[in-house]
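Next come the structures, one after another.
The same subunit A turns up in both complexes below, where it pairs with subunit B and then with subunit C.
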Partner chain A sequence: MAAPILSTLFFGFVIRIYLFNTPIAKWCAGNNEITTPITSWKRVTEGLSLYNSGISPYAGDIFHETPLILKFFNYTVKKMPGLVDLIFVLTDILTAFVLERSVKFISQYMALQQHKRERQFAKDAEKIKISFDDLMWRRVYVVLAYLFNPYTIATCLAKSTAVFNNLAMAGTLLFSIKARPNRRVAMFCLAIAAYQSLYPVMLLAPAAICFVQNDLGFKFKWTSLIAIKSVARTCGWFALWMSGLLLWSFWIEKSWNFLYSTYGFVLTVPDLTPNVGLFWYFFTEMFEHFRLFFVCVFQINAFIYTVPLSIKLKDHPVFLMYILMSIIAVFKSYPSYGDTTLYIALLPVWYFTFEFQRNSFVIGCMYISTTVLAPILYYLWIYAGSANANFYFAVTLVYNTAQIFLITDILFAFLKREYHLIHGLKPKDYDGKPGVVQLE
Partner chain B sequence: MAAPMIMRLFFAGSFLSLISGVHVADVFNEELLIKPLDSGHVYAHFQFTTKWDIDIQTQQNFTHYGLFPKSLGEVLAKYSVHELHLSLTQGLWRHRIWGYPVVSAPPGAELWAWFKRDTTNIDKKWSDLVNALSGLFCASLNFMDKTATVSPKLSFRPLGAADQWIATNSTYLRYAAMPGEMVCTENLTPWKKLLPCDTKAGLSTFFKSGKLYDTSYHSLGVYYKSVCTDAECDTTGVELVQSLAVVYEPPVRQGGKQDWSFKSLFGRFLTNSCPVAEASHILVDITGNKTLAYHFHLSPPPDRVETATRGGDKRKFAIYDAKKRPPSGLNLAAKYNRNVIYKQPQPPQLHAHRFITGFGQENGGIVTMLFNTDPKENLTVIYMEMVPWFIKMYFHTLKVEIDGMQENPLHIHYVQAKDRQQPCLMEVILKLPANTTTKVSIDFDRTFLKWTEYPPDANHGFYVTSAVVSTVLSHAGQYTALPQHSDKLISLLSLNDDISSEFLLRIHTETLLVSLPTPDFSMPYNVICLACTVVAIGFGSVHNLTTRQFIEVDPTKNKGFLSNIKDKLKRKKKETDAKVHKEEKSDSIEEKKS
Partner chain C sequence: MGLLTNPTSRATIVGSITRHNNKICFLCYVVGLSWFLALAYQELNAGTYFSENALLPGLVRSQFYGDSEAEGYYSQLKSELNKDKNIMPVKWIYNQFMDLGLDVYIHNFTFRYPLKIFGEKQIPGQNVYAIMRASRAASTEALVLTVPFRTVTTVMDKTHGGLALMLTMANHFRKSSYWAKDIIFVVTEHEYIGMQAWLDAYHETKSELISSNSLEGHGGSIQAAINLEVPTNKISSFDFRLEGLNGQLPNLDLFNLVVRISRQEGFDVLLKEQHDPYHPETFEGYLQNLKTMFLMMWTQAPGSANNNHGVFLKYNIEALTLVGKKEKGKHAQGYGPMGRTVEGIFRSLNNLLERFHQSFFFYLLPSTSRYVSIGLYMPPFAIMVAGSLIKAVAMWISCTETVEEGVSTEKEKKETDQANGESVQKNEVKDHKEEKEEERKGLLSVIPILFITQLFGLLAYFSPDFFVDLGMPLHLHVAEAVHYGMLALFLSSLAMPRFLKRSLSEKSRPDWKLLKCVSLIVQGLVLFSIALMNISLAFFLAAVMVPVCVAMWPSNNRVVQILHASFLLLISPFLLLYITVVANQMMTEKVADVASLLVQSWDHMKTPLILGMVESQLLGSWTYCVICLGIFPNWLAFWCLIWIGS
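Up next, the complex of A and B:
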């Protein structure tokens, strides 16, 4: 088991180092699908340059990263300018490793959960039960899917700061699900992720469920005092770390201006540079007096999914975390391929839902065609002048539709499998006749 | 009939004397400088100076007006303006072939103003001031809002009398420019109404827009400042200079000769001078003419010819006094002996050239070439660039190269742009070594705007105003600007002692036209619908999956709406079929019966 994982990590490292010395790296850095105004390395360089000239980068509208990233890269670029590329590569490798560990613990967790629930299962559900070994084997796929996904490689080559966000989110997953979960470290990872890009704050819900399950086992009452206490402790740690990070930033920056430049920028969407998200063209073409309304609607839309999903998936926090990660990638205001990588990498974990999925082929085709078409149509619009914005917009729409189909399909498949586990593969209706399963 | 008339005149006269008894201190001068340029162009610069001996700080002084225009005076007093420089220009002054103008102005509108000490809420005052001036000069100066206004720290200093404290405190300064402003007769008309004689008498009778606007360059200016009235500067007055500069086309059409006359330039003779003017002079720069008839001769011959030496540069002027003209009118004319030989004119010591680099509509760069042509003298210049927020400048790409070698600028003052709030301001102090070309370059990204932020001709592009290069020259080759302490063109002649002094020079570069990527303006509804549909697919699906649960149903029982209708239709068809069948049957029975 260790050999294929180690060799994957190694080859992932080599391919990145090799590609960094090719023109592809430069192409990626200037590509709108891969970098956003927040994560672009060009803007980080600008921030560093301003910071070193004694001008606060938050006084202008180019730099939108957090003060800690600024400080970190200021130190790195000054002390070891040759190692900046390496930092991005190593972060990617580390994320892959963290994901591998996470999958190991997810396997243990799910095997345990299945074992505990086995008595409720229908007789013929044997076929759709997961096998621990199968799941463990998926670790290789996960590492492969992370390190050799063109999206991940491009994000790393573009030196997009999204790689750090991915690491923090993977860390949250790992430390929430570990054999001995560590609330402090998990909340620290989550705080880092939320501090950097705000949206991961949604992952607090699944993490809290994980810790309640860890404290009380799989069967408990949500209204019990211990459960409430556990949730409060999780939230408390998160708030503590988060305020710690913000205060530290304040101490670096000596003013709260950075809040508007980072979170204000994420929430009010003033920059309409094209990206793979839904926001840019929508707010380019928005009527001025409806802008505020729709900004609110779109932002609430991004966060609101936490509530119904947490209620529906309250027994499956890992899957909940996975779905929320993918929802962030679709509905955040400045998404990029970097956000997609994490949930695509974790896709092999849910191999047992694949047989219930309805349109994986269509989704796959949509992903591939949009990825190929996006840079072409952008070129035609911006450089060749022979296409207009609508072409590129159409591609981003299809890309988002593909992501939404993938999320809802896997959610559908998961819920349907749950149903079949309890009711058997060939459920019968009250009259004993073979029935058809429907959502009612 | 006659008696009331006389009475009225008498009253009016006494009233006038009453007023002039209070304010004897207005002095008005009108002047015209004509300079044939080496390139074959003819440069004419009108200057009207009104000097008023009042203290600028006292608000009550601005209630009784003599020669000073009331409409402007009220605006300046109300908004606590200490100094104001407004120029409205059509065309670009080409320094390389024309040398330096008397007053440099960028294409379009440029306005910079200092506010009085202790002025509060300057931003509001500025906004009110530009709106008032916008109405006064029929120009769209009201678009000089906070997204187009800066306070440069290094490039501008008060040109008139100002105490040291305000002169070094740029928070009292506002600078804005509108490179896309079209200047035409609607600006000339209100501008000439500020003159005491309007266009009824004097040099201002030359302002016939048909002729003035058929030129290569045309610039209107209004300059207001506080000046010293005595040598120690114990008392101060205010001074208003109105100037109009025109550069006429080279004379290819006139048989190849540079001949010019009042009639050909302005379309008429000069018949009188403004009666309220203290002096009315016409100066012709005849430096290139070795003797009075070497290249050209002037008719009528000048009243006098004087030579002025300035910073090592000798200039010769022919002077006419318009006050002493015969009533038949003056048609000053220059007659050339031979055709113009078009040659490369000697470029001045400092000139600049600015352009855009890159292709596509994603990013690009601004490059400015600064030429110091002097063989010996180094120059220290302040280069100022004001760029609107929708052109995102990258400070870390700022590069200064002197003849290909990268150099660090001496000092940089950089204010970042803020989206929809403030433009980017960059002031760089550079040292230009003798006989070198300095290249200043910086990269930018083009912003994607909201569809409502584009002008109606969105694909025309967006203007970026001229860069301003300020410096101090030590000798005055091709330099025509007035010294800071004098107010009249005629004082150019008394500058023979002006050898050691320094010459403040400001030049404006080309404006830039940057095209930004545009969305499709025709389909906001479609975009809103399509994007909302995709969001709705996501929301609907998740809503469906989280609020409902799986149950098994009998496929024969619950069929849904459509199949129910189908069933009903089928049943009906069956019934009608049966009916028809029955009727046919009964028909056949009846037939049988019959």
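Up next, the complex of A and C:
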């Protein structure tokens, strides 16, 4: 088991180092689908030079990364300028490793959960049960899907700071699901992720559920005092780390101005550079006096799914975390391919839902075609001047539709499998005829 | 969610696709192809019109009557050229502009051909350009008039008439006070390479093979450019060249403008040297239109820069070429009308308030007064390619269905066996797992083949330099070395299935249906991507590739297999290029003997090959790259498919 994983990690490392020396790296760095105003490396270097010439990088509209990232890169770029590329590559490899560990613990967790629930299952549910070995074997796929996904490679080559966010999110997953979950470290990872891009705050819900399950086992009452205490402790740790990070930033920056340039920038969406998300086109078309209202609507839309999903999937926190990760990638204000990498990498974990999925072919085709067409239409619009914004927007719209199809498809497949586990593979309707499970 | 999750409506669609896919594919192709060809018929396309009102074409009275002055320049130029037949009279041109009182500059550049065509030699070149400053604005915008300089000994059409006209126009323009845009007159050496060097210097971009001095004089941002190629002092008609680098076309408004003004001055307007039919509604008229449209697509498809205007388009500058023609039996006109045409065009362009942005950038022209816009030609093209996508869906369904059938029969078996006890059941579970494993192997098993085919594509893309080095000790000419090298690479790629068959065990070989499905999807994607940039190339490729690729399957029957293989070979990129050259040869020259035609074409085939590589490195054309990395690997996947399956 270790050999294929290690060799994958090694080849992932080699291919990145090799590609860094080709023109592809430069192309990636300037590509709108791969970098955003927040994560682009060009802006980080701008911010650094402002910082070094004694001007606050947050005074203007160029730099939107957090003070800690600024400080970190200020240090590395000055002390070891040759190693900057390497840092990005190693972060990617580390993320892959963290994901691999996570899948190991997810397998243990799910095997345990299935074992505990086995008595409720229908007789013929044997077939759709997961096997621990199968799931463990998926680790190789996860590492492969992360390291050899063109999206991940491109994000790394572009030196997009999204790679750090991915690492923090993967860390959250790992430390929430570990055999001996570590609340402090998990919350620290989550705080870093949320500190950097705000939206991962949503992952607090599944993490909290994980810790409650860990404290009380799979059967418990949500209203019991211990459960509430556990949730409170999780939230408390998160708040503690988060405020620690913010205070540290304040200490570096000596002012709170960075808050508006980072979180304000994320929430109010002032930069409408085209990207793969849904915000830019909508807000370029919008009359200014409706702007505030629709910004609120769009942002609430991004966060609101946490509530119904947490209620529906309260027994499956890992899956909930997975779905929320993909929702962040779709609805955040400045998304890029870097955000999709994490949930695409974790797709093999849910192999047992694949046979219930209906649209994998269509979704696959949509992903591939939009990835190819987006740069072409961007070229025609911006450089050749012969196409216009609508062409590019159409492609990003299809891309987001594909993502949403994937989320709904996998969610539906998961729930359908749950239904079949309890009711058997051939459920009957009220008349005793063979029924059809259908999403209404 | 309807269609996507409702199992019943889904089942009906899936059912009908699997049952009728062959008929649907055939119908799609035939309908798409004939619809596309029918677009040249007058009732199915639209008449050109001015979308940009600011142009106000032909509304001013022309003031140009400098016929004699132009004739003077023409005769002076002729005597100047006869002094030394092989060089450009830079000094003379410089002095003429100087005498007119314009800002004149000489732009020096050197360039090197890729592939060591002339060794590592740096070839020097000089462009002369003069800027007439606008009297009504602060040099923020500019228009360009260019003439490519050709020596007396050139094999191409001469351009001396155009050069004399340009000098006269410069003199005429500078006397007027209404100019709101700078007018830059450029005389280029080495055809579009000189133009590219000048544009590089003007926009301060760098290119690898062309190095040039920075320009001393600048104007504003260039709005439009006209390239003049007039051979003598008397012409009867203008032929328009639109097709630029990577199949880009200038804004249709610019074309309309040029056509309108030339017509107004009494010139015949030609497109691809074809006249507009008198009765476009008749069948003969349709055929004439179709011929014009076909010729236009034929020129656009290679994505070559063709003339000076071709490189402007890359910089988002609308540009086209006016070629003067002297036709037999037609009344030839002198410099007066020619000058008034150029004057009219420039005065209209001078009226522009914004960049060209109205009208169309993607169109095909069946005649000078009709156009087929992107909205009209995309549906038939999409229907044509839809065949391959439908087949891909059918392939996918038949792949997954066999697995599903397996599951259901197994389920039934399980039900009957349930009484036999648990031990059987355990076996069943194991079987099921194995089966699933096989299914999963499916998608991954396609990857090695796709990877190897892509590797061949990369090899084809990067190897020309290697072939040239290899040919050096054998005293092969560069073009020959590349030609034979490519042939060798192509032939070795043909042996790939044999190699694969040997190295892959029966189990790890991919399901041919899956391979076909993936390849068809890639094909559709590649064709659509090309269509967005260069519809002509995409159309020709789709017209030959789609029907053959859709019909391919690995047959056990030897005859059928060989039939498939020969069809596939016919549409292989290498042979396709050969066929194109043969067709081109047939169109341009009358060769009676078939054998000599084939031999000649084989010889001529080097030219487009080497030209594609040179343009890709010198000017940034994408055709060579797209063929190597898109079309060739895809074709190779089909080639593997017919040998490897069954």
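Going forward, the second predicted complex is superposed on the first by the 435 of 440 C-alpha atoms of A that agree within 3 Å, B and C clash if a C-alpha of one lies under 4 Å from a C-alpha of the other, contacts with A are read in each partner's own complex, and residues count from 1 in each chain.
Simple rule for what comes next: contacts are C-beta pairs under 8 Å (C-beta built on N, C-alpha and C of every residue); 3 or more make two chains touch, one makes a residue touch a chain.
The structure displayed is predicted, hence computed values, not measured ones.
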{"item": "Chain touching more of subunit A, residue-wise (subunit B, subunit C)", "value": "B"}
{"item": "Which of subunit B and subunit C A:Ser369 touches, first, second, both or neither", "value": "second"}
{"item": "Subunit B versus subunit C as contact partner of A:Thr284, first or second or both or neither", "value": "first"}
{"item": "Which superposed partner A:Thr408 touches (first subunit B, second subunit C, both, neither)", "value": "both"}
{"item": "Which superposed partner A:Asp271 touches (first subunit B, second subunit C, both, neither)", "value": "first"}
{"item": "Touched partner set for A:Ser49, first subunit B, second subunit C, both or neither", "value": "first"}
{"item": "Touched partner set for A:Ser336, first subunit B, second subunit C, both or neither", "value": "neither"}
{"item": "Which of subunit B and subunit C A:Arg358 touches, first, second, both or neither", "value": "second"}
{"item": "First (subunit B), second (subunit C), both or neither touched by A:Tyr383", "value": "both"}
{"item": "Residues on subunit A lying within both footprints (that of subunit B and that of subunit C)", "value": "383, 385, 405, 408, 412, 436, 438-439"}
{"item": "Residues of subunit A that touch subunit B when the two form their complex", "value": "30, 42, 45-46, 48-50, 53, 55, 57, 59-62, 270-274, 278, 280-288, 298, 301, 305, 308-309, 311-312, 327, 330-331, 381-383, 385, 388-390, 393, 397, 400-401, 404-405, 407-408, 411-412, 415-416, 419, 423, 427-429, 431, 433, 435-440"}
{"item": "Interfacial residue positions of subunit C with respect to subunit A in the complex", "value": "1, 4-8, 10, 248, 313-314, 316, 355, 357, 361-362, 393, 396, 411, 425, 429, 432, 521, 525, 528-529, 532-533"}
{"item": "Residues of subunit A defined as touching subunit C within the complex", "value": "126-127, 358-359, 361-362, 365, 368-369, 372-373, 376-377, 380, 383-387, 405, 408, 412, 425, 436, 438-439"}
{"item": "Touching residues on subunit B, where the partner in the complex is subunit A", "value": "359-362, 389, 392, 394-396, 412, 414-420, 424, 447-452, 517-520, 523-524, 527-528, 530-532, 534-535, 537-539, 541-555"}
